[in-house]
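Listed next: structures, encoded as structure tokens.
Two complexes are shown next, each including subunit A; its partner changes from subunit B in the first to subunit C in the second.
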Partner chain A sequence: MTVVDSPPPPRLPVRDRATAHQRVGGGVSPMLTRLAEERATGVLDREHGTLHLAEGRVVHAESPLAPGLAELLTAHGTLAAEAWLEAEDSADEGRLLRYGITPGALELAQVGALHDAAYFALAPSSTPGRFRYGSAHWLASVHPVPVAVLEREMLRRRALLRRIWPDPATDRAPLIRADPVAAPTVPTRQAAVLEQVDGVRRAVDIARELGRPAFHTLVHLRRLASAGLVAPQPPPAPDAPPDDAAADPYVALLKRVRDALEAL
Partner chain B sequence: MANTETTLKECLASIEGATGAALVDYTSGMALGTLGGSKTFDLNVAAAGNTDVVRAKMRTMEHLGLKGGIEDILITLTDQYHLIRLITGRGGNGLFLYLVLDSKRANLAMARHQLKKIEEELEV
Partner chain C sequence: MPGIDECLLETMRLPGARGAALVDWTSGLALGTVGDPPGGDHETAAAEAAELARLAAEQQAFGPGDGKDAPDPPVEDLILSNRDSYHVLRFVPTSFDSSVFLYLWLARADGNLALARIRLGEMAERLVLG
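Coming up: the complex of A and B.
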């Protein structure tokens, strides 16, 4: 009898959860952590947004993927657009207050807008960030946020979205309405978002339209996606075979479950 | 007129038995400000968790077709009261005030009344 020694089968690749956790624990942006330690003042440009620092704390943030403080303040009539432009031109926080906005309302709007833009600015990026030392932003005294607090909140926000619906496809793509057979009732605030879905608008466009923070819109859209009411616009696929299965609601549901499991 | 910090200070100073207070945005689950709490009671965690309480109640009310809004929600523990008071601001963001009370020292009716007054003074 001959015994054939076959080599042991190759080990299957396993996702290493222990090191993945360490990576997350290492901070959202090592550069930002370093700038906080040296109490830097200036502007950090990243791929999806900009953070303004004063003495190592984040005092303002902007991102093309989130409505700015001006849009949030003027969208609901809290402040006239001209009043904002005047205050911004003169870089004078006091002017905003003289135009009837209360310090409490300004602070809340700034906290909201800062965290909203920072969520996108601190998203994983493919290009390195760049820091320019300089003077503090004109709204630096409204509500400075320590870097560690901001990073903790960003990680909490990422986890919140993952918990609602793990597929991030609705965050950036143009959106279409999907009409499931038994559509669940939609809460008022989500219904306002759903109404804006027209096959062209992305999450950020909907946020601008409604004058709401972009992250809040992502939350609503993920809930709508998990209810099967919203889907990302599929890229145009020429010569695709006719897909009869898509018409069957059960097949469509199974596909969504499969997509969600794959995204886990 | 009041900002976040003074509002939370007023909650702890003027409401008998109050041990912690937070102002919370219920869509993102972020605490915009916290005061009080302790090492064993993290108000940021409580803030995020209680957004689910508010959301569940709102959904139930919509399913039932109830038109009224929620004024406050009371949760009674063996030794604490947790009081959630909803705020509707012009900014279009749903916020709530979250108050933790020591049930041995607190006067619940008085606390609800005072929290309502503080909420009215908070301009958002």
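Coming up: the complex of A and C.
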């Protein structure tokens, strides 16, 4: 019997983890990176939100999934709704300041709202973004953020949510209270979110109701989900067999762990 | 005091100030940073300080014991010390829903902790009230 030395099989292409990570880290949106390089001014429309650029830096962001700056400022009486409308109509930042909001408070609120809406605007999308060159947003001078800094922060935020609770189901779905057998005590700010969970409202509805940034609400909801207090509304199932095991807290815990592992 | 950067630069005028930041304790976002970063990186330091601030701010046990309604957050500041420095975290109350604090890293040899506490409190107030 002769032994034939067959040549080793060709190496399969393997994604280099180190460079793959760099690639992800460098470009949440390649289009946005290019616009930053050419110091563009205008509006970038993406599937889940809009970014306003001035000279290649992000100066404002809006998303249907996050309460806007106006909602955050008017919800708790910081600013009267008419005052906001008047300032927005005349595109005059100075009017906001004349109505009693300080430059520091405006900057704090604007940085918060910008990062909040940008988180959704820069979420992975199924349609390409569209950029319209134009003039700068009227709040462009409040707090411009470099694109690279914003993208790094967005990746950090995704990782933060994943670390708290890996299942993203509570981010978008209508939510229900899960009422586990031995419920842990809930800190005040999370309790305010929990009170709004009624089987219909989604994270963004709760954020609007509370006048609170949507990403903060996602963080609170993931903590509540990991404590077993909140779950996404399951799709209506016809004739589900009675589940005696659901009453057992250990079985319920195991199910949540299984769901979380599947979501990893 | 007009904005975040001016507030942080003024914080750095405190004797012994090594670095300062304004941080959101729900998201871990550093809204502004100045000076040397504790631990070598401002963003990591901000995220770690945020975690500590969150724990302090969420526990009712750390609130005042006078029986009146506790403000949100119930604590005013947090002080950590080590062999050569202090870390002082001062919560910034705002009239809208936010969760930010001023973070000062102070050299122990040249810094004055009592003065830093008072000045941070004043600056947190002036940042939002003008």
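Assume the second predicted complex is superposed on the first by the 240 of 264 C-alpha atoms of A that agree within 3 Å, B and C clash if a C-alpha of one lies under 4 Å from a C-alpha of the other, contacts with A are read in each partner's own complex, and residues count from 1 in each chain.
Going forward, contacts are C-beta pairs under 8 Å (C-beta built on N, C-alpha and C of every residue); 3 or more make two chains touch, one makes a residue touch a chain.
It should be emphasised that the depicted structure is a prediction, and the values quoted were computed from it without experimental measurement.
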Overlay on subunit A: subunit C relative to subunit B, clash or fit: clash
Touching partner for A:202 - first (subunit B), second (subunit C), both, neither: neither
Partner chain in contact with A:153 - subunit B first, subunit C second, else both or neither: both
Touched partner set for A:137, first subunit B, second subunit C, both or neither: neither
Touched partner set for A:213, first subunit B, second subunit C, both or neither: both
Footprint overlap on subunit A, where subunit B in one structure and subunit C in the other make contact: 72, 75-78, 102-105, 107-109, 111-112, 115, 153, 156-157, 160, 187-189, 210-213, 215-216, 219-220
Residues of subunit A touching subunit C in the complex: 72-73, 75-78, 102-105, 107-109, 111-112, 115, 143, 152-153, 156-157, 160, 187-190, 210-213, 215-216, 219-220
Residue ranges of subunit C touching subunit A (in the complex, touch as defined): 1-4, 7, 24, 26-29, 31, 43, 47, 58-60, 72, 92, 94-100, 126-130
Residues of subunit B defined as touching subunit A within the complex: 1-4, 7, 25, 27-30, 32, 48, 58-59, 62-63, 89-95, 122-124
Residue ranges of subunit A in contact with subunit B within the complex: 72, 75-78, 102-105, 107-109, 111-112, 115, 153, 156-157, 160, 185, 187-189, 210-213, 215-216, 219-220
